[in-house]
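This structure is in structure tokens; I'll ask about it shortly.
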Amino acid sequence: MKIATRIAARLAKAAVVLLAILVLNFLLIHAAPGDPAVVMAGEAGATDDVFLAQLREKFGLDQPLYMQLGKYVWDVLHLDLGFSYRQQMPVFDLLMDRLPATLLLTGSAFAVSLILGVAAGVLAASRVGKWSDTLISTVALLFYATPLFWAALMGVLLFSVVLGWLPPFGYETVGSGFTGIRRALDIAQHLALPALSLGLFFMAVYSRMTRASMLEVAQLDFVKTARAKGLSRAVIERRHILRNALLPIVTLAGLQAGQLVGGAVLTETVFAWPGIGRLMFEALTQRDYNVLLGVFFVSAAMVIVFNLITDLIYGIVDPRIRAQ
Amino acid sequence: MKDFWHRFRANKGGIIGLALLAAIVAVALLAPLLFPGNPWKMVARPFVPPFEGMKFPLGTDTVGRNVAAGLAYGGRVSLLVGLVSTLAALLIGIPVGALAGYFGGRIDDLLMRVTEFFQTVPSFALAIVIVAIFQPSVVSITLAIGIVSWPPVARLVRGEVMSLRQREYIEAAILQGLSTPAIILRQILPNAVSPIIVMASLMVASAILLESSLSFLGLGDPNLMSWGYMIGAARTVIRQAWWLSLFPGVAIVLTVLALNLIGESLNDALNPRLSRRRS
Amino acid sequence: DPVAGGRANVVIQPEPPSLMLGLVQNAPAQQVAGNIYEGLLRYDTKLNPMPSLAKSWEVSDDGLTYTFHLQSGVTWHDGQPFSADDVVFSADVFLRKTHPRFRAVLDHVESITAPDAGTVVFRLKSPFGPFLNSFEVGSMPIVPKHIYEGTDFATNPANNTPIGTGPFKFAEWVKGSYIKLVKNPDYWDQGKPYLDEVYWHVIPDAASRAVAYETGQVDILPAGSIENFDIDRVKALPNTCITQSGWEFFGPQSWVWLNNRQGPTASKEFRQAILYALDREFIRDSLFNGLGQIPNGPFAGSTRYNDTDLKPWPYDPEKAKALVKASGYKGEVLKLVPMPYGETWMRLAEVIKQNLADVGIKVEIVSTDVAGWNQHLSDWDYDLSTTYLYQYGDPALGVSRSYVSGNIKKGSPWNNVEGYSNPKVDALFDTGAGTVDPAERKAAYDAVQKILVDEVPNAWLLDMGMPTISRCSVKDLVTTGIGLNDGFKNAWIQK
Amino acid sequence: MDIEPTLSIEHLTVDLPEGADRPHAIRDVSLQLWPGRTLCIVGESGSGKSMSANAVMGLLPKGVSVGAGRILFGGRDITHLSEAQYQELRGQGIAMIFQEPMTALNPLMRIGAQIAEVFEAHGRLAPAERAARALQLLREVGIPDPERAQFAYPFQLSGGQRQRVVIAMALALEPRVLIADEPTTALDVTTQAQILRLIKDLQTRHGMAVMFVTHDFGVVSEIADDVAVIELGELVEQGPAEKVLKAPDHPYTRRLIAAIPTVEFRDEPAREEPLLRVRDLVKEFRTGARVVKASDHVTLDLMRGETLGIVGESGSGKSTLGRAIVQLVTPDSGTIEMDGKDISHLRGAALRAHRKRIQMIFQDPYASLNPRARIGRILTEGPIAHGRPRAEAEARARELLSLVGLKASAMERFPHEFSGGQRQRIGIARALALEPEIIVADEAVSALDVSVQAQVLDLLEDLKQRLGLTLLFVTHDLRVAGKICDRIAVMQKGRVVELGSVEQVFRAPREAYTRSLLDAAPGLEVQP
């Protein structure tokens, strides 16, 4: 009961933020120089006034800005994200087309980075000061300092071009006609490089954070209590230190899971991944306002959803939060 | 101070980072002396491989520009953008965080909503949009990076201020009749400076990464040579001329690495939990 | 001999917004949809008209009446019969509303009629020299009347499943990924096409496109789909053929826009200085991989009436410096707004900047995306810019638009953006367009070229070489002057 | 005695890492723990009490190690055991309780499980029995409603209850030695008394040897059989409690015992007009759904020139009252009048101007001085904010420093360059800098060692006389209150339940609550 009201309150707050995002983004994006009608006219290879006027009318650009904004907000409130004239389809459908690819990419990058990162961090923390700690910490630091796009490029160079192990880009082998498990495997192959290069950075983040958090928790009083009980190191590490050390990681993971959705622009561009990050970048260069706004809207909504999920998980992990 | 330096020195990584950064800064500052003229000048035939002669130790690029010169000048841009955008982020984040943390209540609520707003919009995407809107230039890039990176500062400062505000010496200052601005500026903020410095050093690193990502996407300042630009431009010739993407990439990694090492050492040296022990 | 069967994998870049060619005519849309829709004519590499939906045609002696006889047995992809009514509807109703370039042609047209189901007659108001060049599929795609009549063209749901008469039918479009066309079994040209299906792969990154070819994922790289730097390496791969043919009709020419209205570029000496200062050979060789010709004037080499006797402008920085001085240039910083069409064009801007710096001209590059660039040009907010434009084989279609004063209008990056205005030039272009007599036309255009080359309204860079790269086993890919835009009609794959 | 000691520390030296304030935490210390007896280790902060305890447990912090000597337990030297051997020993041979009950338990584990874990660690009992035994232990240490409590998380228990859980864990395997490092310092007097009783009780029942670390002589007198006194790592005196407390040999011990505050009854000063009147003061705190009445219609008068003590258990609202008077908290209702003027509704500049009339001395000498400000600035910025010229303020600051017994050169130094007692003097000087009429001292000496505490109390008394100050003295320590106050107000749950002269409150408490406080205060002796 109480949880339900809390979620409702959070959602209400989130809705306000979302609405603010909508309005501000709308104004921001419309502040961009470049008239979408001119862009489309430009692409057509020729223009005249009639054509521009037609396009403007089609986009609703002949209306004053506040009218456009009002209409947009009104439509969004009715779950209508508008129409992409550039792509000739409703924005909502477009996003739903692209979202699965993004979720697959970022989801697997997220899972891989979280699992490997935390594992590496735990290993490093339990060997603190030894060579394996130094190795893990150094590698993590290196990953941390490496620009994502550069890692992606080098990955393609090595694994696709030189070694030929993995496909360099794309979501699946086009026109292969694969179905079922064969198709899943094919997609997995395509997924490997982008997910890995996207995950590297976060893996580094998680391992560093896990290590630091573990070491910090190890200083806490209750760990001393646990040692005074005569518990073995392994049990102390697993049962007492790790569980407590995971709390800040849950927060971070939640924050990042949300950001990942909108944050894969670079990876999607390098790997020709048909997700919404790339869609966003294309929409920006084409001044496809509705799509751009839609992407922002969806990714912001994702952030909010993930924050909510984080809160819930946090509540499960930490009884203190649950009781509040 | 001596104490601080002592603790800082205790961390080998910090010293390595400092030396590395000093070297990078030196090269960047001395670029006009090392490579007179400008880095855009086409000085030789395109695609001279590296290590072939003393003249172009790191080779030349697609149109015959000296890669070494590009690296040196690129360092200036990266460091400058990193530094200034971090300052911009601090300039936004510190006041917001300080006000929210000190006054709490409704002001806190409002400011945190705004912060939340900026954290809810995917930051890289927002940076792209901002740069595209204002057209790519150092100013817009720096601004964009500043705008998307202040929320963590605000949150950090808010937390620090909130906890410092409860400290007895702040209450003492209130009782002494000091004005609110004086308390925030002279009592609270100086004591929040350590974590801010640590965060700032790491922010410079991520700003450099962000700048390079933007440049890579073609959203760099076209009049300034930068590492991200070099990689972005080299990407299409990665097969013919591996060195064109490798060297600037390594430069970024080293700079970011150095800053991170320094940041970590600073953290060790400035962290009050480690530096002041009370039993 | 051609054998039937097989599949072509082609790169498409960027992803077209729509395949309804009547609504969208940008280059990628033409490349894909040119195989779905058809025009009345095609053009060979010498720009001579060839039959397409029209099997034959006559022009009256006064040059005012054009009569087209249509192929028989043509059906739309949905099985409906094709007739002259479709042509009249397309030209007179649909394209008039949607196709700005064709609308300009329609200005010369008095009436379009279909005396019978197999004949269409165009009557002109006055003679229009290049009229016969206006019937290619991108310039005048024929769309199905039975689907569009009486509807709102832009929102007609059929736009998502385009229906044409062409050799291939639309099958599937996974946005962001690929477009699939399949063989039209009922194609009017018996036995064609040979291929079973054509996949157009959307790969947004140029380097990835090159890799796609290398790893065998695609077989055909249309011009512009990989970076010029990659051409040499890709070209050298086994079983790889390259051709520069197939672009004669478009004849793209690249130049530097010079804002004639204001600033230093308003001075003729200064503009001439720029043309002397640009090292165009270096630009061609290092940026465009040695492809293309350096033009001597505003007419591309493949465009009719190109004056081959014009004196070339050499690279001469010293002369440029002198002219800069003579122009009274005081060190103003010029704003260069480069065309953001990929790395080559960015490099080009950097080289231009450096070339000009070498003769003492200060340039600042303003970086924008496509939209911003369009805006800058449409608003005349620039000093220098780069571009390339198609010439459609005829000066009246593709050249005059950039130089006649009647075309100085804000709002388009494709007209007389530089703001050059010379009544003599206007008159000569009018003369050239308003007659069908080749000799008369040549005289007018020769005179125009003399004037323009002296006044340098724009700094012509390059008649662009447009290489199409493909596996050698793909035969007869480029057979006409519009190349890939209707390329798969004849193409076949050697087993 | 011919029985063997359970545990014997022989010539133990514990080395500190380089850069510490001294080379050894303890040096050449020898102690014996006997079955059924409690050895109290006393000494001032930093003297090495905890290190001795930790050394026995093998839980010395990083960088700190046993330099010399032996610790004999069950006949073998345990100073050089491997980690695995120590694990074996901890919990079943020797168990330990720590000072901070609030943080000594894993916040994410149910307490029943945390107790059962001890059996698991040593492979005792079948898994099913462990929970049952844990429940039994909870019952034994007196946790209310143990059936429910075993599934509680630590945050759901009070400090005293948590300490009981820790004790239950320590006793789970009936160890032969129990080490308690200040186990009650963080607790209320009443809770402390319960815990002390519990430990004593369990000790007799199980016949353990107990090593009890404390700095509080009251606690020592309550539970010690034997006492060892440590000064700066050196054992200066040890022996039976009677002997050490009543007839100490070593001057350090004597000094420590002399510094214990003793209750002094003084004549109530002639009643004057009250300087400050608190009327019906109400302050509620809301955290989530919980509402705490920190101040519940408090009414009292503060007479000019008197010292009024506020005593009561933790959370009874003492600080809230003090802070409301200095206007660090805004009351929900009620008034505070000074010289007949309501001051509780002053805001902005008027409030800032008023502030100089009432000042405060804070509890924590470390936390109440801005670590980045020189003493000079700390002492002058208040007066300067009130419009004094800088030079004058600085001259005054130097006077104040000498008044509180510090050299004028202190002006140039930073707080961390002073000891705790010195810092508290600086805090007092700061409070005096604005020449206030009233000073509120909130636990002003609670964080100090007894000897320092005595000095600071003397100083306060002296200043009060010389400057004619009025003092509101908030403390939880009845002995301190008894030593310095004229009158005492006893608070419970936000209300003042008793208010009277020290003599009346101590000798003839009217309220049962006051009596229970007096009874629980360890070592409080009131001459009847």
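Which chain is which? They are A, B, C and D, in the order written, and residues in each are numbered from 1.
FYI, contacts are C-beta pairs under 8 Å (C-beta built on N, C-alpha and C of every residue); 3 or more make two chains touch, one makes a residue touch a chain.
Model, not experiment: these values are computed from the prediction.
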Between the pairs B-C and A-D, the one where more C-beta pairs touch: A-D
Euclidean distance of C-alpha centroids - chain B vs chain C, Å: 45
Where chain C and chain D are represented by their mean Cα positions, the distance between them in whole Å: 87
Approximate Å spacing (C-alpha centroids) for the pair chain A, chain D: 50
Rounded Å distance between chain A and chain B, as computed from the means of their C-alpha atoms: 22
Sites on chain B at which at least two other chains make contact: 132, 135, 235, 238-239
Chain C residues counted as touching two or more neighbouring chains: 207, 368-369, 372
Sites on chain A at which at least two other chains make contact: 32-33, 161, 269, 284-285
Each pair of chains that touches, named by its two labels: A-B, A-C, A-D, B-C, B-D
Chain B partner contacts - residues on chain C that touch it in the complex: 206-207, 210, 227, 229-230, 233, 282, 286-287, 338, 340, 343, 346-347, 349-351, 353-354, 364-369, 372
Of chain B, residues touching chain A in the complex: 113, 116-117, 119-125, 128-130, 132-133, 135, 205, 209, 212-213, 216-217, 228, 231, 235, 238-239, 242, 245, 249, 252-254, 256-257, 260-261
Chain C to chain A touching residues, read off their complex: 7, 9, 14-15, 17-18, 20, 24-27, 97-98, 100-101, 103-104, 154, 159-160, 174-178, 180, 197, 199, 201-205, 207-208, 211-212, 214-215, 217, 368-372, 374-376, 378, 390, 409, 411-415
Complex interface listing, chain A residues touching chain B: 16-18, 20-21, 24-25, 28-29, 31-33, 141-142, 144-150, 153-154, 157, 161, 255, 258-259, 261-263, 265-266, 269, 277, 280-281, 284-285, 292, 295-296, 299-300, 303-304
Complex contacts: residues of chain D adjacent to chain A: 57, 59, 83-84, 86-92, 95-96, 98, 100, 103-109, 117-118, 121-122, 153, 155-156, 166, 169-170, 288
